[in-house]
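The structure that follows is given in the form of structure tokens.
Naming follows writing order (A, B, C and D), and every chain is counted from residue 1.
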């Protein structure tokens, strides 16, 4: 009889545990959607974005998930491939929203972000669109449930130009990738560099996605005797461009558009040897960021995903932490507007939790400084962090106070039109 | 002038690749009448197989090249047997769909096995030298020499071996060849083997200079297709000449005109040529 | 003359009613989205079937004409012109371009025609990506307005923001397309298309102006493709070069061939079945396209006549089996 | 009726047809004969617009037809059948006939799309004519069948029907009995006689001498691309050049 009771008690326990799991009272899941290129030419880029999210979700879940109105949630990343096809992206988003119940969906390409911004405000099927695209065109579309993750590329244009000018570089030649992003970069750089007084001696774009030989464009560009080359597209072909330019006898420096990563090129294309690159200005080496967690982050990332860490991964990682905290602050995992509104309350982030702490949010843009790295004489040099949204010296100083400092980092002010905070 | 020479050199190197890739395709299209749209993807796979032998197994460049050639040759036979032979009596458009299926398969295969990131093979001949004021990479020179050797070798094979002449006979008159007791299936298999092996050689030579990516075959395949049509289906001189012309046009176009529109000139030229001469420059009267 | 048995007619009626009532029972937005896109694809695919399936001319520029329609509507509606004007105007532009391309291109035959049209398709795709002033470059055009609301006498004003309204709009165009194609194909005029596909020298010899007939088929197909493209642009709300690319052409081609070439229902079935299969395969993750590629090869080998051909074969088998049973 | 004036065709350096002239009179059966490779089919192809003559002209009445496209020549009342039986073999018998009648109707794109009253009229007219001609060639009850189900002879009859359906003034028949056995040949011969009785001029190419001699009103003989004789069957039988060309007297075959 006593035994029976014991068995019955245990059964009851198991059953109640089961019912808790089933009803979700124990730990529910909040689905974070991702649609992006996972095959085709953009696959590497898409996966970098996705990996950052996956790692963030893992880390958040390991730390106990999030607590919304006393209820525990774990985050689950659900991803679909859209091959940068708008139709597929919309299908995926609809699927994520109505099948999996995702209220936050990430997408990393402007061509698919634009159509998603047409549907993410529809009543009954609204979701928070986390857009990874550095084009200011995103801000041109009015949308209450979109957040854009990276700094505007115009901030990099100005910051890179700034440093190149200091180095005494004047004559530029451009061999930038074709495509929406490359076209905008060239246009912006041409505008800014000539305004500064610099000279552009050649503009020979190349298709970094389909071409494998750039010697035609490079020969033409080098014939104009530039002091430095503005190059870039995806990192691997950019490395190839550097190698081919050196083979053609080019001795000057390189400026990399923000899509190309100097650390990736150095480590993957040149196996850690910086002598070919020699003089480079570009987006900072991830490992040289000043945040406390960066070394740990890089190590774990590269161990888990067997690929080189990238800036995209770091920013996506940090942004998901912001979203998770915002869910807690808003007290909802299902109201995109409320989540977006709460983001400002959970910022700034701290450098001991995320690799690239966000300082704030401005309308739909998350604010993070533009980090510039320099390679000179075959060695990594001091970084620069540009605050691009401060409208005046005062605002800049206030932001600067809160930031992580390090002797290897110089924080600078570089106002970028259209983003100045009141 | 130096710039011009440099561009022409680049163009010739590219043309060499185009020529040998188109050469393989024209054999398949002319002899078997199969629109093998996946030909560029065989080239891509050739690059990855070379990577496997050099990068993963650590073999030398030349042994890897030979091994790649063999592997791709076998793969070509397999592809003909599995994908195209069952479609012999069906409309060409069905073979075209099968080709699209095959290329999707090959591209995803590379993606799954080797990942989306570009891969590199160490350059066995990284030396450069100056000639007439232009910089010439040794490996680039090797591409040209390799291509010319291959073209010459293939010519000897086609004209002076029994198998080669048989292939030509089938190319000229399939029914007639069949009536004469030629085993057309065996000729098909051999042709496919040669076709994909040549693509593999092109990839092996080029891969140390370039970067491997799963989608690198798509554009090259399309260009090879266009060269074959331009030169006339089944015409070997047409494919070679077409390849070199396209290579030089592209290099000059990319260097002097806009890179964005350089393909427009190539494709536009094709439209014009075909409307003037509807069966290609070296084409037979009516296909 | 060419009449269908009564049970086939009943089946079509049932399908028609099912299509009309679809918004009532579609389970969620996701399925609805796929259905709407499939309806659009079915329009474009049916048109492609006219030129490839019925007339036997493998035009690989279909995606480009879809793109002309899409960009036409995008540019015109962004300039403030009503969708209802922009759509026919874009389709007419596509038809005009079709005439200009068709006149030289249709001089070539077989593979050569396929390649000439493919080249044209690639050129249009490059133009879409690089003529920044007109097409917005690779970013494309975004923020395209939904179709202008229409005021109907007894239904009031209809807006096209909801999926339901978009669905009916697309369905209306699909039915119109099928109706038109049905009339064209099941007639003496339509027989001339098939005559050209079947035996062009004989068609010539029996007094058919084969060139003009091919041109009519080509231009009609392009006109309809552009209509589908225009609808696409205003429904998705953004166009980029991918809406004019040759990959789109290949997709349509796959729909036509796997659905069942040269049958009206085949094109529609293909346009529905393939995207749904593709979505279903999402669970395969990285292996999805690997599997799809292999599937394509296998299906084309074992069902050379596509799904419709497969169904017909099945039907015949069943008929034979029933006959045997009766005779027993 | 139809006259051929100095027709010449060169392929590269080879002359396939050299300076051939003749006149076909209304209502007669005119035959062109000659050994294999004599240039008969080339001549035919030039008369029907499939090949452009290098030199020379073809007239129908006063109207020059050489250099015109085939469909324009058909519209002037010249119909033809090909040497190897050429049909729309993916379609039904009746479809084949209606396609061949189409040029006589106004069944164009807009008519068909809008189903105008004219469309209905023409569509019915095409059907009526097709059925009538099918009855004439003896295939009325096969109208719904697919081509591959027809016998060789039936296919030949259909090919002739296709030529006749649009009511031509003259039909050019390229070996209408090729590949048929004697019995079938006889039946086709009777059909051709029936065509002549309808007042339609016939021009045919044939190998089978016996058949030609009984059927043709006049005969032209080609050898190595040149006309070596023209005349009634009796004249031809006794023509020395013809006898030589056919290796001595085998003309009576």
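Definition applied: a residue touches a chain if its C-beta (ideal position, glycine included) is under 8 Å from a C-beta of that chain, and two chains touch if they have at least 3 such contacts.
Remember, predicted model here, so these are calculated numbers, not experimental data.
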Request  = Please state which pair of chains has more C-beta contact pairs than any other pair.
outcome  = B-C
Ask   = Using mean CA coordinates as chain centres, what's the chain B-chain C distance in Å?
value = 33
Key: Between chain A and chain D, centroid-to-centroid distance (C-alpha), Å   = 75
Inter-chain centre distance, chain A versus chain B - centres from mean C-alpha coordinates, in Å = 38
Ask   = Using CA atom averages as chain centres, what separation in Å is found between chain B and chain D?
value = 48
Key: chain A: positions in contact with at least two other chains   = 39, 178
Message = Residues touching two or more other chains, restricted to chain B: which are they?
response = 107-108, 111, 258, 260
Multi-chain contact sites of chain D, meaning residues that touch two or more partners = none
Message = Can you work out from the touch definition every pair of chains that touches here?
response = A-B, A-C, B-C, C-D
Ask   = Where on chain C is chain B touching in the complex?
value = 52, 58, 104-105, 107-112, 114-116, 118-120, 122-123, 126-127, 129-130, 250, 253-254, 257-258, 261, 286-290, 292-297, 300-301, 304
Complex interface listing, chain A residues touching chain B = 39-41, 43-44, 47, 178, 204-207, 209-210, 212-213, 215-217, 219-220, 223, 234, 236-237, 240, 247-249, 268-269, 307
Remark   = In the complex, chain C touches chain A at residues 28-30, 32-34, 37, 129-130, 132, 137-140, 142-143, 161, 232, 236-240, 242-243, 279, 282, 286, 288-289
Query = Considering the complex alone, what residue numbers of chain B touch chain C?
reply = 29, 35, 82-83, 86-87, 90-94, 96-98, 100-109, 111-112, 222, 225-226, 229, 233, 258, 260-261, 263-264, 267-268, 270-271, 274-275, 278-280, 286-287
Query = What part of chain C is in contact with chain D in the complex they form?
reply = 1, 180, 183-184, 187-192, 194-195, 197-199, 201-210, 216, 220
